[in-house]
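Structure first, then comments.
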């Protein structure tokens, strides 16, 4: 049982998984988003290799209207 | 019975009288006021001779704070 | 010999003539101008009847660029 | 023969001397001035011990009118 | 429906009136008038030069039928002079429109409120369509509307000074209080001056020196055309209110946070 | 040759950059962006809502290929936060342009000069094209140019305040002293505000709230487009000087005189 | 020799005239009049309340002999009403000075130029010393001087608005063109407003609301006294010219240099 | 209780600081300093002229014990130069107060925000009482307060320009946001400029050129003294709010009516 904070909210997972797995599960893989893991911004090609471990912080962002 | 409008309000009098009589009656003779009768401004010395007749308009004014 | 002031300058003429004669002589009849004789603005149809007499003042104006 | 730059101008001296000697010679010791030697600001009590050597830069300043 | 300017029953698409004075060349005047898209042009009335009666003026080259000609009474110091000039103007231009200027002061060319009201009254009686040039005096503007003037033309700043709009507060009150078209005349130096009064709700502006004496009258004429349209559309669109504090234009929540914090 | 805006080697016809925030509807955003003719639009970077990941934003409807996307770092208070946000922005937008905002003060949203310079230095090292949002401080602007910023973006007044240009004198100095494009950002409320700085020689303006929160964003977007063009053309045409006294726009001699006088 | 204000042959040391209206209490009025050092106070003329003829007004407490009383015609919309009120004022105050107000507009209380000129002409014929309250219209001011007014009193902004001086350019021209004292009246909100016009060369100012409605009328009265004196002395001393560039106030050469450089 | 200015624990009655530069004569300096009532005077540090070491400066005539001496670092372009000059100043004046100027730009003499913050940090570590001269940047002002500066000294406009207060909005924000004394420095041309910022709540002003280069420095010094006091008292008394519409200062009812009407 691992805990990962995503966008400021804590989630629990049965087991460790990759960022790609998570995004696929949430059906976000083809969305225009960006991801940072523990403060480091990931490149798309890093999604598959980056694993979510207990205590990790992940940010998933998108562009929105702004000035 | 005569009617005189004073400062926009109508008043009734038993009989004709002078402006001076009226001011004396109202105890205004020694106050710093000015009087106009039917649109004509009176000088103090005219108070005694000016008579109030039915339908007359009289204005009695004083200085007040102003800018 | 008569003297007429035109646009502020005095001119001498052998004999009295009409405004129309003068304008024709100066080849101004078909120009876009307006004429005033002794302070009175003439209508075009009055040019033929208006005579220039000794001491008259005539103004001949045109539109120019202005703001 | 040593060369010392004082207030941006080069001066020659027979021999090394102290800042105090120099100021005394120029009759500046009791004036309200401040002195820096090679970029270091001196305290008054250091004048006697600070020696002027060949190639040194000295600044001697005073207050003037300013905003 | 179209957004049109109506003066004395006549309809205009352009809200930029231009003067025809001070141009360095006929080409400049043409370029400026063309580019500005103006439909109303002002002219002055002056003595013909009898020593050279055929000398051309810039106006001889304009196609008058394309424009509403608005003669002015520039140079007149009294109501009498204004009346005399207006009548000459009517004869020569065929137009009974007149921009009334009664100006005793040669230095700042500021109009005389009393003389102007007097001249307007007489000109209206004489059948003229009267557009008075005035100081930005709301009470005078109301009086001129009341006697039947077709518009009021308050000044932004002294004629030809290029100082822009020194009278914004007064012009705002005039716009509030009169119902005839308010045309801001005199002193405008750049398109932003024109935009500013149009944004406030002015109906039109009149520009001469700022275009004619620019280094490039054609380009400046176009610039004023755009500025007037910008100001008008802004007025119709409705501006945001002024606030002292700021208001973020990007969302204030959901800002991403580096791992160490959450 | 065309009058174009060049930023970091890219060429643009429009000198009006627009923000995409605060619009009441997608339709409003479309209308505004279309009418404004903008070629550069700013966007913010925010957390995806994981409870409703498919929720659309106004941006999902825009054809991104038509615009230069300029992500901002709005909401960042420190250089670190700005760097983090800029890198996320680069990944998601594919654009390495960034409008740097380092803003510690929530009330007036005024930028931090020290933090901004620091963030810009790091972002330039990291390969970004950097457009910093700054107070109208000429010395800071020069320093930002010196370290390689692509533009400087001085503020007219606080973001979203609609106060217009409270910093005209400083902006004029910045225009004199820096050679990268000067883009006036923040506080513009009406087209005349935009015209004013363009007339002074600014290279472009960025507008968001004044358009998005207008009663009619499409019409206001067009109004700003016209105002920016008006100001630019005025700058190129060359304005007349300001004078204290008046200068008649009609000839001063040759005024007709009624008979009694001559 | 002393720097004195002369109106209609009377000499005054103070250049601050104060109104007596709107005070919350007699104490406030006293404190304000005392602290302001005023020598000329305005009063209004109103109907005596016959239902309570002995009711006191703030004026019953002032020592009239210490001041030049300046009755106004506030509330009058026409020359006729102004004449009537002025004559009543003369009878009751014994003063033949009058501040002429002919104001048809209740919202902005702006004076009528035509009605004011007309009223002034009749009052002068009737032996009054006339001080007209006017819009800042230089041509009107000149005409009022020409018919014999003792001063002109152009407004800074609408009465009681506290907007300050919205008419600086026009007031500057009035100061240039008329030789009777120019007294700026209405709209002044703070001492800097008064200083500003005094620095320009105005001869005096009249203040009422800004003092009477301040939280501390006594202190504000003193503040205006100081501000008027500051402005007057500044005018006499002669201000430095405005420059675009800077000019160092400390010597630019002789800056000390750390040893490494020389 | 007295209304006093407190800087770094020292108490002052006067809120007018004066510079000692640019005076045409010792007499002028004396007259100005006397009349201004100043308690804090600034001085610059310059090389002694070794070719004429006994040459007097205006300062040789002042009684230094009567004033708080505030040396400046005018002429310094970098933090290093400012530190060096400040240390020389401390030795020669015995005062550890310093007005920090780090100014790379010779034309407008605008200060460098980064260099100024850096210099202030080092000077505070070195035991100085630091009064930095800055652009009117509220965020910079807050940062300078946070590191321990005794005051902040935002500019009104470029040094010696006499342009007055071009930065009113920013100064208002600084006054709101910092708790150390806010002293407006540079560009003030007339007392109304000083009154204006004091009315806004500034704690003091520093004036040099406007007094020294006036035609009559003594009289202008007094004028500024009065203007500063006027502004301060006005701030304490509390100004009336600005309104768009007018508010009569005389009662609106009870206006007398000529007989024909009632």
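For clarity, chains are labelled A, B, C, D, E, F, G and H in written order, and residue numbers in each chain start from 1.
To be clear about the criterion, a residue touches a chain if its C-beta (ideal position, glycine included) is under 8 Å from a C-beta of that chain, and two chains touch if they have at least 3 such contacts.
Just so it is clear, the model here is predicted, and its values are computed rather than measured.
*Asks:* If you apply the touch rule, which chains end up adjacent to both subunit E and subunit G?
*Replies:* In this structure, no chain contacts subunit G and also subunit E.
*Asks:* Which chains sit in contact with both members of the pair subunit A and subunit H?
*Replies:* Both-contact set = F.
*Asks:* Count the smallest number of chain-to-chain hops linking subunit E with subunit H, moving only between touching chains.
*Replies:* The least step count works out to 2.
*Asks:* How many angstrom between the C-alpha centroids of subunit H and subunit C?
*Replies:* A distance of 71 Å separates the two centres.
*Asks:* Using mean CA coordinates as chain centres, what's the subunit A-subunit C distance in Å?
*Replies:* 95
*Asks:* Any idea how many Å lie between the Cα centroids of subunit D and subunit G?
*Replies:* Each chain reduced to its C-alpha mean, subunit D and subunit G end up 62 Å apart.
*Asks:* Can you list every residue of subunit F that touches 2 or more other chains, as numbers and ranges?
*Replies:* Within subunit F, residues 19, 21-22, 44-47, 72, 74, 84, 88, 108, 110, 159-160, 163, 208-209, 248-251, 254, 256, 258 contact more than one other chain.
*Asks:* Pull out every residue in subunit B that's touching 2 or more other chains.
*Replies:* 7-8, 36, 39, 59, 61, 64-67
*Asks:* Would you please name all pairs of chains that touch?
*Replies:* Result of the pairwise touch check is A-E, A-F, B-G, B-H, C-E, C-F, D-G, D-H, E-F, E-G, F-H, G-H.
*Asks:* Flag every residue of subunit B that touches subunit G in the complex, lowest number first.
*Replies:* Result: residues 6-9, 26-28, 31-36, 39, 41-44, 59-67 of subunit B touch subunit G.
*Asks:* So in the complex, the part of subunit G that touches subunit H is made up of which residues?
*Replies:* Within the complex, subunit G contacts subunit H at residues 19, 21-22, 44-47, 49, 72, 74-76, 80-81, 84-85, 88, 107-110, 158-164, 189-193, 195-196, 199, 208-210, 212-217, 219-220, 222-227, 229-234, 236-256, 258.
*Asks:* If we count contacts the way the header does, which residues on subunit D are in touch with subunit G in the complex?
*Replies:* Where subunit D meets subunit G, its residues are 5, 7-8, 36-40, 56-57, 59, 61, 64-67.
*Asks:* Using the touch definition from the top, list the residues of subunit F that touch subunit H in their complex.
*Replies:* 104-105, 108, 110-114, 117, 135, 137-140, 142-143, 157, 163, 166, 169-170, 173, 177
*Asks:* Show me the residue ranges of subunit G that touch subunit D in the complex, using the header's touch definition.
*Replies:* 248-251, 254, 256-260, 262
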